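Next up: some structures, all given as structure tokens.
Each of the next two complexes has chain A plus one other chain: chain B in the first, chain C in the second.
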Partner chain A sequence: MFRLLMYIGLAFLVPGLAAVGFAVYEGPVSWGVDAVTFWGVPVSLFVFWIGLAHAGTLLSAIFLALNVSMDRRTALLAELSTLVCLIIAAIYPLIHLGVIGNFYMVAPLLDARGNFANVRSPLVWDFCCIAVYGLLSLLFFVLHLIGGAKSNMLDGIVKIRRSMAWLLFPLVLWVHTIVSLDFATTFVPEWRGAFFPAYFIAGAIFSGLAMVNLLLCVENYRVRLLEKLMLVGSWVLCALWLWNFLLKGDFCVSAFVFAGVLPQFLLVENVRESRILRSMVCFSILLGMLLERIFLVAPTPQVSALAGISDSSRWVDWGLIAFGVGCFIHLFFAVRRWLSKPIENDEILMGDVDEVKESEESASERNARAKYFPPLTTPEYRVLRLPVLFGILVSLLFCIWTVSSNADSNIQVSLISVVPVFFPIVVLVASVILCAKPLWYVFESRARWCFVGVCVLLAGLFGAFYAGGSSMPAASESRETRAEHAEDMNSYARTIMIWNSRCSACHGVDGKFNEKFIREFYPVPQKLTQQRLDSLGLDSLVKVVLKGRVNMNPYGDRLSEDDARALVRYMRSIAPIDSVVIEDSLATDSIPVEVVP
Partner chain B sequence: MTPLIHALACLLVLGLASFLWRGKITLLKESLLILAFFLLSVLFTILAGDLRDPNMELYPFRMLALCLCFSATTLHSKRRRYLVLAQVFWLWVELFGSLALFYRGFDVPWLRLVAIGGIAFGSSFLSRINREMEFCLMVFWIAVWTFF
Partner chain C sequence: MMAAGFALFGCRDGLLGSSSGSRKLPTLGDFEDEVRRAVAQGGRGFELVKVPMPGSIKSSLSTVRSQDSANRFGMAIDLDVCDGCGKCILACNMENNVPLVTEDEAAKNRFMHWIQICGGVPFMCAHCGDAPCEKVCPTGAANHTPDGLSAMMYKRCTGSRFCGANCPLHARKFNFNDAQALGLARKFNDEVPQRGKGVMEKCSMCLQRLQNDRLRFKTEVGVAKAAGVPVLGSGEWRGRGVQTACSEACSKHAIIFGNWLDENSELVKVASRRELYAPSVVAGLDPSVVYMRGRR
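Showing the complex of A and B:
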């Protein structure tokens, strides 16, 4: 069964890989881009998959933290699905960026490489939160697997799972809140929503529950509580859609039918009892949520009309969807097969690693509660509160450093802009402290030094990542585009093609400045109005195109001087329209962002 | 929204909260009740507020959060845990709502955030929550809702 599913996954994955390759090769011009939001299918898929990635660890952590018993198989499958979904979700932002090497810029390393990361940007927050979430989810999953070994030596490390659950439970909610801010902090009217955090989290948990239930159907397994939660999730989401509709008049009918109406069949006993019908309801929810994400990201009907993209090129969008589906099915069931033994060990309830020992511990815990502890010495304080307090201290220091070392005058960093990275840092530091002691005792003396060596190596790698790299990341790494090789095209068509495949990621397909992308990704750059272009002069701009400048990548090794001149002329030809539209939109939206003249 | 209507919302929430967690607690029953309260909050916001005001986007969620805080005091067991969770939910709604509104030119209500955060943090240290303490907490929440 699992092998068959792996082949099915492969059948989706292979064409999907072709689409991914083409999308990376061609850049943002290859997929449908919304004319208003400048976003397309890669971002929709990122939101969809990161949403799916939330249910696993969330369910596992929340149930463990609140002492709700859940069988080990369900919990492990859910946690595994989180990890696989995270891997897939991480790929789409890379595609979306157009130039993959630029991803390095979203790491919040401030001015360590002479290039201040835009800490105001939700993309920087995303990177920070998702990186910490991925790391800790992996650790949580590994600890769960180790728990099955029932070795006395590992007892110490397994016990910290409950403390970790208390850290992960809010972290999961925090991460998807931050993803929702990618939308809520922008100027797009359709994304106007201070309530987006609740909306996104409800959607993420709902779709994640559907995914976990679908996986359980494949296993021929059933957890009634998860089905009830899925039903409740559909009600919550319907209420949120209603509120969204009342506020903005936006409503995605197909999403409502698939994810709002069809799940109500779970109220019918025959549907609940049938494995196939249950699977179909879960699939319907996943489809509905995918449609909802696509609707959310690209709200205007004239998607890609501005970009001049013909319908035939939309195969890339389908390919990107197929890539996600195929990659998940193949990877998940491959790992599932590999971990059959620990996952199918149904005896152990999650949170009750050893039930006898657990009940003894509960008795001892009850005794401990009755005992008087001087202030700051309770077991709870030592195990959880102290690491958290230390994490808060480190995080506070980071925030103060960030706000005070405002190296770039283009960014006005305020305290509230740093808040989103505050909690992930707290959790990361607290988890490291939490795990350090049990890990130390798990290893034998020689292995301890190996462990220390690995830690030093990791720290070294982090240091290299921190200090290394150039502010011109794509100088040698980025591949040449089809346009740059197209000698036989007439020069004007070739210039437009190069523009679309290379320059449009930042400057916009129509030269209107992909302001949304730029503002969120980089420090706000200078405005390329006609006046400014004239004042700089043709030769100076050609030099910038060929040799690069600050965040602008150098293209001297791929473009001739004539190509660069043609690009500058093309840019100038579309500049006047640009300046009027942007100024209008800034004036009407009253966005507190400074554009340097 | 006038201060009087705003205070009325608090009263409405207080009334609704008394219906939660009564009798045997089941997932579907409590979820339906919470959803019904949310829809009532939506209705209240539509009737009493101006939906063009971006601050109103958050209003039903704030009402729901306050409702959960009030209702958590009626729980028979694990009251401290759920009180803290309800207050953290309120803080989360306020914090990230403010963050989204900040990017649209609104000021961050630091005082409200600090007050909710402070009481949530403080109440996590309470060893037992008796009736007097419940009353104090409820007065504090009403004060935060009405004045901050």
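Showing the complex of A and C:
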């Protein structure tokens, strides 16, 4: 079954990859973009997949935090789907970019040239939140997996899962709020509204539930609670759509039919009980939500029957959609097959709940609670409060650093614009502290070395980001010079201007060295008298101007050879004659003016 | 396979992108034809509302840190005089090396021109004091200069197009095509770099002209100080005498460029006698480019 699904996924993935390759090569022109929004299918697919990515952690973490019992296999599947969806969701923004190689500039880090990302932009918040969310989802999944497999020896891990759940619970909501701010902070009338965060979170949870239910259908299993929640989600979303319609008058009919009307068939018992019909309802919800996202990103006037996919769309649009679907199916079921042993553990069957172990856990904890602990050493403090406090500290330091490094630039960063990244950093630091020790002891030495290797790799990446891209000027292109511009080329006035602007800092306006400056930074060079300049010769001096020498910077990328030649002549004209007092006036008429070719 | 797909990454501007060796350069006639076409196709006009004179109210919203800056450059476009001839567009294209677009794009009315004739009036970036595009740019490529210009740092642009989505005037143009490889670009002006594929661009208020003038001014002051000659005026640069390409090209003198904070500039003198308007969508964002009509 899984093998078959993997092949089906591959059938979508291969044409999808072709589309992705083409889109990456051709750039944003390859997919149908609207003149008004500049955005397109990749952004809607990003929003769609990041929405699906909420299901897993939502179910596991929030249910764990709220003490709703949930069987292990469902939770593991949901968490796995989260991870795969996150990978897919992270690819689309990259495709979307015009200059993909510059993506790292979005990270809120300083680079060697003193550039700092604009922390006021929701895209920067997005980048942080999603990176943190992806990392923590991975940690949570790994904890769950090994916690189940070797539960007897590792109660430490089971213990920290609950703390992790409490950290992830707000983070899930936080991430999608930030994604909604991508839209809600703009001036596009269709995207405005204070209810957008709630709207996006509801949509994300709804589509995530549909996804998990669909996966459970594949497993030939069902969880009634999730189906009920899905139905409730459809009502909530219908209400929000109505609100949006009354407010702005735009309404996506196809999304309403697929994700609003069709799910109501779950109220009919025959539909509900049939596995095929149930999975079809889940599928129609996913389809409806996808159409809704496309409609949201590109609310074109000529909306065709298929939501936003209008006449301007190309095969690449469809290919990008197929890429997401295929990549998910293939990757998910590949990992599912690979992990079938820990997921279908002999001891833990379907419907088995983690709570069995939890109750033993809580019994021992209850005993512990009776004991007296000196302040700041209680288990709660160690397990959750200390890491969170530490996270808040790191986060505060980051905020102060961000605001202070922007202090001298023109970007005005206030503390309020750092708030969206504040919480993700707290969570990141807290959970890394939380998991570091137990995970270190769980893994064998080989895994530890892998971990160290990953850390080194990350540090290297940071270094590369810090250094930034090449700063070499673009290759010289065929230049067309305007006639009027050519006129004053090499004229005497222009030469003086270049000298005064580029050379006088060291050489002085009058050709004598700017001694005060030079003495401070460089060893004092020989005096450039007329005799010395004559002995060096015109050509070699031009070379020095263009290519630089010892302490002199090269100016070849800023000056033409003619400019350099004129500068040398000018320098000679103002150079002092050895041991002779220079006259005030410059012999302007004796300077040969080069004829423009 | 993913890796293979992403190996194409670097190819965009590397191996395959600029391989077409013999590119033909478009002629001036091509540019004139395109401007004529753009003017004929036109765009939907914007609703104009009355605004106070830019710089007269120190807006607390303004994103410019250097509020005490002596300069805030802007333009006023005379609606009573302008007849939408499109000469400003051509001059702007030549000054800023704005490329042509493909036939496909032109049919969709998507030109790269920094100035658009909408409802018979030229519209360009308003250089808002509280610019929405600068707020959402993730990398800080869209930034505000101390002279009150909304500037672009092309090397820093990742092409996320967030700024374009957030501009109420749709004044930002995205380089969907590699105009140089397609033979659609021509470098008329050496001082302005040609923009690569995947980068946003827009009206820069002829930044290069302002910078040249600033350089000249500072040099003159420096020379004067070195020679011991007393410097005239405050010794502070106010950008007097600079003209943008569009204002220079306008034969009817309908586009007036100047410094809103300089009481002696022609802009302030003219604008103070007229009623000022701005597109309603940016009227609340403290625009520097305004429209004037009638007498006060």
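Brief remarks on what is shown
Operating definition for what follows: the second predicted complex is superposed on the first by the 384 of 597 C-alpha atoms of A that agree within 3 Å, B and C clash if a C-alpha of one lies under 4 Å from a C-alpha of the other, contacts with A are read in each partner's own complex, and residues count from 1 in each chain.
By definition in this document, contacts are C-beta pairs under 8 Å (C-beta built on N, C-alpha and C of every residue); 3 or more make two chains touch, one makes a residue touch a chain.
Because the structure is a prediction, the values reported are computed rather than measured.
By the document's definition of touching, of the two partners only chain B reaches A:Ala194; chain C does not. Contacts of A:Pro42 after superposition: neither chain B nor chain C is touched.
Between chain B and chain C, the partner in contact with more residues of chain A is C. Touch criterion met: A:Val419 reaches chain B, while chain C stays clear of it. In the superposition on chain A, A:Thr185 contacts both chain B and chain C.
When the shared chain is aligned, chain C comes close enough to touch A:Gly98, but chain B does not. Once chain A of one complex is fitted onto chain A of the other, the partner contacts of A:Thr177 are limited to chain B, with no touch recorded for chain C. Of the two partner chains, chain C is the only one touched by A:Asn500; chain B is not. The intersection of chain A residues touching chain B with those touching chain C, taken from the two complexes, comprises 185-187. Those residues of chain C that touch chain A in the complex are listed here as 1-2, 4-6, 8-12, 16, 25, 63-66, 94, 108-110, 132, 134-140, 143-146, 155-162, 164-168, 170, 174-177, 180, 186-190, 193-194, 196-200, 215-216, 218-219, 222-223, 226, 281. Interface residues of chain A facing chain C in the complex, by the touch rule stated above, are 13-14, 17, 20-21, 24-25, 27-29, 33, 35-39, 93, 96-103, 105-106, 115-118, 120-124, 127, 182, 185-188, 409-412, 469, 474, 477-482, 485, 496-497, 500-501, 504, 509-510.
Contacts from chain B toward chain A in the complex involve residues 27-28, 31-32, 35, 38-39, 42, 46, 51, 54-55, 57-58, 60-61, 81, 88, 92-93, 95-105, 108. By the touch criterion stated above, chain A contacts chain B in their complex at residues 66, 170, 173, 177, 180-181, 184-187, 192-198, 225, 228-229, 231-232, 235-236, 239, 242-243, 246-247, 414, 416, 419-420, 589-592.
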